[in-house]
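For reference, the structures are reproduced in the following blocks.
Shared between the two complexes below is subunit A, which has subunit B as its partner in the first and subunit C in the second.
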Partner chain A sequence: MRTRELFFWVMISSGIVIMAFILLPMIQLMTAPSFSMLGKTIKDADVLRAIWLSVYTSGLAALIAFVLGTPLAYLLSRAKFRGKGIIESVIDLPIVIPHPVVGIAILSIAGRNHWVGRVLAELGIRIMGSVTGIVTVLTFVGLPFYINAAREGFESVPPRLERVSRSLGASMVSTFFRITFPLAGRSILAGGVMCLARAVSEFGAVVIIAYHPMIAPVMIYERFEAYGLKYSQPVAFWLVLLCLVLFLVLRMLTLYRKRGR
Partner chain B sequence: MKRMGIVTLFVITMVFLFFQFGFAEKQEIERKTVRKTVIIFHAGSLSVPFEEMEKRFEENHPGIDIQREAGGSTKCARKIADLGKPCDIMASADYKVIDKLLIPDYADWNIRFATNQLVLCFTDTSRHAEEVNTQNWHEILREPGIVWGHSDPNLDPCGYRSLMVLQLAEKYYGIPGLYDELIANRPSENVRPKSVDLISLLQTGNMDYAWEYRSVGVQHGLRFVTLPDEINLGSYRFDDLYDTAVVKVAGKEPDTFMEIRGKSVTYGITLINDAPNPDDAVLFLNYLLDPDGGLAVLESMGQPPFVPARVPSGDMANMLPDTLKSLIEVRQ
Partner chain C sequence: MIRIENLNVDLGEFLLRDIRLSVEENDFFVLIGPTGAGKTVLIEAVAGLVPVKSGRIFIRDRDVTRLPPEKRGISIVYQDYALFPHLTVLDNVLYGLHFHHVSREEKEARKKELVRQLNLGRLLHRYPGTLSGGELQRVALARALIIHPDVLLLDEPLSALDPGFREEIRDSLRTLHRHSDVTFIMVTHNFAEALSLGRSGAVINNGVIEQQGEIEDIFRRPRSRFVAGFVGMKNCSRAEFRGTKAVVDGLDIETGRKRENREGYIAIRPEDVVLSRKPLQSSMRNVFQGKITSVQDRGFFFEVSVAVRGAVFVSLITKSALLDLELRKEAGIWIAFKATAIHVF
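Right after this comes the complex of A and B.
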């Protein structure tokens, strides 16, 4: 017991330091704006539009990551091949690159000076200053979080179970959807939430691709620049509140699933 | 036993970290005593000449480290006034920003030291790059499909000045409704926070034309259309004419507005009242305002300086640090 006590206090004290580190600035942010300011801000159509656009584009990014990322995550969890490490590092790249660089990189292939940009222009797709552009950037920065979580989820499903299913006559597709996917479901949901969270918080890359239409983080920046702290904080308050509610709900969903099983 | 091992490891790590911090702190202090810093917030359009000045100044004053932070001029002033960020010198692309946001609480005086003008920048791949000139630019900008933009008038003086140029053009070329027609062909997506943000859009072929200061065009090697003095906001001989251009920009809070009237582009610089290092900051200002020093650098970078630099009143001249007084003239 004696030896454990010191370790116990180390854990408790480092926990308190971390909680204070995260919570103090957040509490300051959430309590700074006055009620009347908060009320006025939430009735502001521009603010509502920005917050909605943020949620909507981030949700789309998570959905795209889910649709495109799931097969790749499954492949990476099962297949062994040369150069797999390289593919995995490529997937992690968006985490490492500074945010404005992501924006510049995407812009540089979206312009008329690049064949991709010319093809997009032919198809009538515009990246600069469009919702398409915002979703593109958010998917780019969110993808690694989804793929990594989903891959770990698939890795935790024993291939033995899949083989049993196949041996009983199920096709690959039906094995995947009836055995692997449900068993990895929690990780996939968690990955989706992480991807969504990453997308909602992105600013640096988006402001280069699209200043207008404004997502909430860009609007917070614009309000700060044009009117100062007093008018940017209420917008931040509502965005943080919405994110908290969103993630609490998603978290409860995942916990519920876990207990249910 | 295993637990003891973990605890020991943890304690060793903590002790190690502690010493590391101590060491870093000491290094920081040493660095500070060896090289004192002067912090300058300045308009994005001053980045290139200020970088050059920093280099030359530090060569002659190895003990001083100039640290520059570029941003929209209004943003820089807000960082000082609202966030209380430490800063020694603030240089604005619109000297009025200093008058409006910093004097009298955060600064006492405001020296005008250089000018600039608005030009329409483009690249070889811009559509109509071969035909565009002083006569037809406004026709090209009204053509559907041409992508052109300017910076946000609420955040960047270059933004509202671009709009003023368009208003003045309506009168100068005698085309009623020109301003509205131009703006109708410029969706809000083409507006960016700072004018320099538009350059990457030009260079990547996402945009055809962008309004910039002439200096920015020169420094980034862009092609540009030079406009007549009557509309380019570059010559104070036409200040009366510029004054007829009026742009509504964001006021002190959302949904309020204030009107800004046209005026020739004039850079202002000031020393912040609670500057962390006023002595060395004045030393840098001495260099900057020297006709053979900083003002010559500005000249070579496409930002014609005032030689000598000026303040508007004798009262303000009296508030200047003594060493600067000889470099300044009083002139409205």
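Right after this comes the complex of A and C.
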């Protein structure tokens, strides 16, 4: 590339603008709260409860996505059938729907006016204002990320390896658990982390379903509304730190995958 | 041993039509054909890896057409080895034994034998990613044979290898076949491989079997134009038989014995066509004068095309012969071939 061309400088400067755009607010957020504030916040039982609730509802969402999504992801990676494109679009739907709308949509089938709501009520399951409700919406928004990553992982395993395994006497199930799953394992893990990260950061859908019990993003919003920026920042700090750890794990997984093998 | 009856497979881009084949117990059977002919599809159908539209496949008199691959008593070795990248060489080799009831001693004995035969001793704890092509193929063979299959299916096992490794694996295949009672079915597009390894075989083209029988026989007596070309009989032309003669483009060619008056083909190997500056005084019955239309470098050999009236003959000669004869395009030349070198069909 000729460095003196104008286009080169356009690329460099747009890059700088984007870096600054992302990093400046993040750095400000992370450095604004004082140590004493941060220490006090992390000892606050409400904050801890909110962060813990965020973590474990998101973890549950990722687990559900893993259990329910893995077979579908495998099916999509191997089977060719009519309407496959439609199914893939349906899976991507939660990505494009505005988050509060997700909450409203789920509430609208969870109420007494809908048979699903009545069945749930019969079973004693409450969606509105419950942990179950939070996990439900988090799974909803996280699923596409998990399924797409897992599908790509399965696609990267040559069907030929499965064929050889079958010919050597392994059933379809044994082949899946001994060959396909281990080889797609890294992608599946990355998909799980992505789903988890997506769920931790969800606010719009959760706030419709359950203001209480309070997850961390809702708490940040509440503190901002009630006490202002200064009081929401320390909670945000700890949540961001958590997300950064997840992000780091994800980067390590994907980078390693690219270099390895 | 293996009997295929009226097999039809339709995979869209690959088709098999009305395949009928039988393979003897402990045979080394070679399926030969150009790329895209459907060879791999045929062995995958035997393995149960592709859906069969109609027809039946028997292995040891057992109808396996509807059986899943793991219940057919077959093993398959692919051109790209298809080793499991997350397992060590040893775990790859032992993989199939997880699914077969074999005693511990028997397991150990089979492993030892294959490690010795295929010289895998020093590779056992390495991962496939670190092995060379020849090593990978040896591991793939050991993995396939350890379960003692009735049939070993080999999909172009030599094609992806460097020439040095190719010799080595070819020898391994020959020894493995000799020392086991497994029936080998190998797919190849290379007739020389078939000739050096196979006992019997079939030529397949466009999803149809063109000819089957002993490899030697296919090589010497092709029954169609396609097979003739495939086994290297480059001189193949339509002929009209009159008495002992075959008339090709107005040229009377002596075939040595009386034949039915009909239309058919004659085929001659290019290495059987002799070139000379003067008419040869020899026992060869067919001597013609012609003109060189092209001289092509084929590496170890040169391919010289000679036009004799309307007919064109191709001859293979060595580089030194080319220099001795001072052959060049447009030069006049004599060609000669024996009546017995002519294959009629």
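As a working rule, the second predicted complex is superposed on the first by the 228 of 261 C-alpha atoms of A that agree within 3 Å, B and C clash if a C-alpha of one lies under 4 Å from a C-alpha of the other, contacts with A are read in each partner's own complex, and residues count from 1 in each chain.
Definition applied: a contact is a pair of C-beta atoms (placed from the backbone, for glycine too) under 8 Å apart; a residue touches a chain by one contact, two chains touch by 3 or more.
Everything quoted here is computed from the prediction, not taken from an experiment.
Novice: Figure out whether A:Pro182 sits in contact with subunit B (first) or subunit C (second), or with both, or with neither.
Specialist: Touch status of A:Pro182: second partner only.
Novice: Taking the superposition as given, does A:Lys80 touch the first partner, subunit B, the second, subunit C, both, or neither?
Specialist: neither
Novice: Identify the partner contact of A:Leu6: answer first if only subunit B is touched, second if only subunit C is, both if each is, neither if none is.
Specialist: first
Novice: So, does A:Asp44 touch the first partner subunit B, the second partner subunit C, both, or neither?
Specialist: Only subunit B; A:Asp44 stays clear of subunit C.
Novice: Let me test your reading of the model: by the given contact rule, A:Ser174 touches which partner, first (subunit B), second (subunit C), both or neither?
Specialist: The answer is second: A:Ser174 touches subunit C but not subunit B.
Novice: In the overlay, answer first, second, both or neither for which of subunit B and subunit C A:Ser130 touches.
Specialist: After superposition on chain A, A:Ser130 lies in contact with subunit B alone.
Novice: Which chain, subunit B or subunit C, ends up touching more residues of subunit A in the combined arrangement?
Specialist: B
Novice: Identify the residues of subunit A that lie in both the subunit B contact region and the subunit C contact region.
Specialist: In subunit A, nothing is touched by subunit B and also by subunit C.
Novice: Flag every residue of subunit C that touches subunit A in the complex, lowest number first.
Specialist: Subunit C residues touching subunit A: 44, 47-49, 68-70, 72, 74-76, 78, 80, 82, 84-86, 95-96, 98-100, 129, 143-144, 147, 153.
Novice: Touching residues of subunit B toward subunit A in the complex: what are they?
Specialist: Interface residues on subunit B, with respect to subunit A: 3-4, 6-7, 10, 72, 74-75, 78, 81-83, 125, 147, 152, 154-155, 187-193, 197, 200-201, 203-207, 250, 252-254.
Novice: Could you pull out which subunit A residues touch subunit C in their complex?
Specialist: Residues in contact with subunit C: 158, 160-161, 163-172, 174, 178-179, 182-183, 261.
Novice: So in the complex, the part of subunit A that touches subunit B is made up of which residues?
Specialist: 3-4, 6-7, 10, 44, 104, 107-108, 110-114, 117, 127-130, 207-208, 210-213, 221-231
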